[in-house]
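For reference, chains read A, B, C and D in written order, and residue numbers begin at 1 within each chain.
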Amino acid sequence: MMMILGLYNYWIVVGLMMIGLYIVIAQGNLVKKIVGLNIFQTSVFIFYISLSKVDGGTAPILVDGISLYSNPLPHVLILTAIVVSLATTALGLALVVRIKEAYGSIEEEEIQIKDNQEC
Amino acid sequence: MLIAATIAILVVMALTIVRGCMGPTLYDRILAVNMFGTKTVLLISLLGFVMGRPEFLDIAIVYALINFISVIGVLRFSDSFGFKPPHQDKASGEKGS
Amino acid sequence: MAMLSGIYGLLSASLFVTMDAVDVAFTEASIGAGISTLLMLTTIAMTGRTEHSVRHKPLLALAVVFVTGALLIYATLDMPYFGDVMAPANLHVMPRYIQDSMAEIGVDNIVTSVLASYRAFDTFGEVVVIFTAGIGVLALLSFARRPEDDAEISSDNISMHEQNLIVRIVSKILIPFILLFALYVQFHGDFGPGGGFQAGVIFAAAIILYAMLFGMSVARRAINQTFVQLFAAVGVLLYGMVGVVSMLNGGNFLDYNVLSEDPVAGQHLGILIIELGVGIAVATVVIIIFFNFADRIDILKHKVNKKL
Amino acid sequence: MMDIALNISSAICLFLGSFLCLSGGVGIIRFPDFYTRMHAAGVTDTLAASMILIGLMLQNPDAIVISKLVMILLMTLFISPTTSHAMAKAAMNSGLLPLLDKKENKDGVKSS
């Protein structure tokens, strides 16, 4: 029993990831799709950070008298990934704005209908 | 006592999330987000003390600032465009946050 | 909806705090909670709040999601336990970073030393990605401004901003503190949580607050956009230049040991300069992104007002 | 002796703060309309935050920690009333009326 419970962090991650995936697949609204992508991204962040947690460890800032720290490497990767996710989200939202201006809608279906009419 | 205060704040955060999901109007949701933010500031400073690493206070300061900025932004952008109730007839026709 | 995503950002940041990831929590606090929520809102303001989508075929999507989730959970059975010291991820480079980074880099915050020194090339790539995204937003959303539109918009804005006096005055008091705090975070990154990425975002947040409360045209006068765009490039170039200089001094690209007589002093100098470059690049890119989004809103609002 | 006094006073402050927090949480759920909820949130926020922060200040003698806590306290004192004011004003401007006595404005209440 103990060994199943020790894995709960991964289950939270999987749950969040699946919520994000469901939003991306099932929602037609482009802004909602981007929100879904964000949730998905955050689940990956949590996954990395939970990997770096060490029992009894503390934040990786060197202090006299403490020798057990969390793993700093995933922190670095995720730190940059968060900022990059901001940039990519902004780019995606900019694309959404342009799509709205060109098609008059941000619903996937309506955009497809308009596309089919044009060709 | 620190732990007790942390638990109390966690409970309050859960209550604000309930209000945020339920909230009949937009402003209820904004209120819930704002309250959630201030409680997070307290939670982070408490957690810093619980874990014995008061470096966390920097994050609490950032939170306080960013929370203010985002609430002001939410108010500014949710009012300013395409969300004006028809019965409102202010002289300027515009309203800010 | 977007509000809840703001809560989500706050929540995940506090989760990071509990998992000892101070720097990550710092970044997530400023980005996930603040800036990306704002961008979502600006987009929603532009595309309209109404939503008339019919949920189609949720069963298929649910099936896909459940199968994937079940497979992933099955895969987690092989994973190391939460908080396991002997997990494979914690055995390879981590002991070296923790034991040797003080002697090699001389910086208290291991995250900063890994970010800016051991993995500096990687971080350079990230900064270039952010810069490229800024250029992309600029290409997608910027437009030629006409001066007469500008004048009308600013008169719109003035009538609006006379109303919220209290918020404006309090923000006027707060903005210098925010800027000062951003500089503190920037230069204190060696000793505590912080660094260029966080400082850049906080700095940009202060300017975003100013722009929101005093109107875009005022903010545009205060913060020249050409200047900001120039500085985005300067930030990235500053980072790259450190690498080139260290090559000229006979080391590898971004090898700071050769920057000074003493390797540790060289590391300090290198980290300081590249963090500055990162901070400038991130701050300017976030400002560019926000200004372009907000300008779109102003123009759209203006068009609607004209039609009425 | 000094230590015990500090600990006790900090515990009292923390207890008061968490009690106020909880009452605010109950208020935000139980009150009937937006303005009363905002009252609950805004009023408790200010005092509860300052109580908890003062309680924390009493725990740690370190100067830099105390100065950071003072900064957070000052910011909460500035920010919390300002946001409350901004929210109330925005809600009022958008036509959200307070829920008054039911007989008085049967048709005036409009929950948007």
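As a convention for this text, contacts are C-beta pairs under 8 Å (C-beta built on N, C-alpha and C of every residue); 3 or more make two chains touch, one makes a residue touch a chain.
Given the structure is predicted, the values throughout are model-derived calculations rather than measurements.
Student: Count how many hops through touching chains it takes, at the least, to reach chain D starting from chain A.
Tutor: 2
Student: Counting C-beta pairs in contact, pick out the pair of chains that comes out on top.
Tutor: A-C
Student: Distance from the CA centroid of chain A to that of chain B, rounded to the nearest Å?
Tutor: 22
Student: Report the inter-centroid distance (CA atoms only) between chain A and chain C in whole Å.
Tutor: Measuring from centre to centre gives 15 Å for this pair.
Student: Any idea how many Å lie between the Cα centroids of chain C and chain D?
Tutor: 30
Student: Quick one: chain B and chain D, Cα centre-to-centre, how many Å?
Tutor: 11
Student: Among the residues of chain D, which are close enough to touch at least two other chains?
Tutor: 75, 79, 82, 86, 89
Student: Counting only residues that touch at least two other chains, what does the list for chain B look like?
Tutor: In chain B, residues 30, 32, 51, 53, 55-56, 58, 61, 65, 67-68, 72, 83, 95-97 touch at least two other chains, as defined above.
Student: Hunt down the residues of chain C that sit against at least two other chains at once, touch-wise.
Tutor: Residues 2, 20, 22, 42, 44, 46, 48, 163-164, 167, 174, 192-193 of chain C each touch two or more of the other chains.
Student: Which of the chains touch, listed as pairs?
Tutor: A-B, A-C, B-C, B-D, C-D
Student: Can you list the residues on chain C that touch chain D in the complex?
Tutor: That would be residues 163-164, 166-167, 170, 173-174, 177 of chain C.
Student: Would you mind writing out the residues of chain C in touch with chain A in their complex?
Tutor: 1-2, 5, 8, 12, 15-16, 19-24, 27-28, 31-32, 35-36, 39-40, 42-44, 46-48, 51-58, 61-62, 64-66, 68-69, 72-73, 76-77, 79, 81-85, 87, 89-90, 93-94, 97-98, 101-102, 108-111, 114-115, 119, 122-123, 126, 129-130, 133-134, 136-137, 140-141, 191-193, 195, 197, 201, 282, 285-286, 289, 292-293, 296
Student: Contact residues on chain A for chain C in the complex?
Tutor: 3, 6-11, 14-15, 17-18, 21-22, 25-29, 31-32, 34-35, 38-39, 42, 45-46, 49-55, 57-63, 68-76, 78-91, 93-98, 100, 106-107, 109
Student: Can you list the chain A residues touching chain B in their complex?
Tutor: The contact residues of chain A facing chain B are 58-59, 61.
Student: Can you check the complex and tell me which residues of chain D touch chain B?
Tutor: Residues in contact with chain B: 10-11, 14-15, 17-19, 21-22, 24-26, 28-29, 34, 37-38, 41, 45, 48-49, 52-53, 55-56, 59-60, 62, 65, 68-69, 71-72, 75-76, 79-80, 82-83, 86-87, 89-91, 93-96, 110-112.
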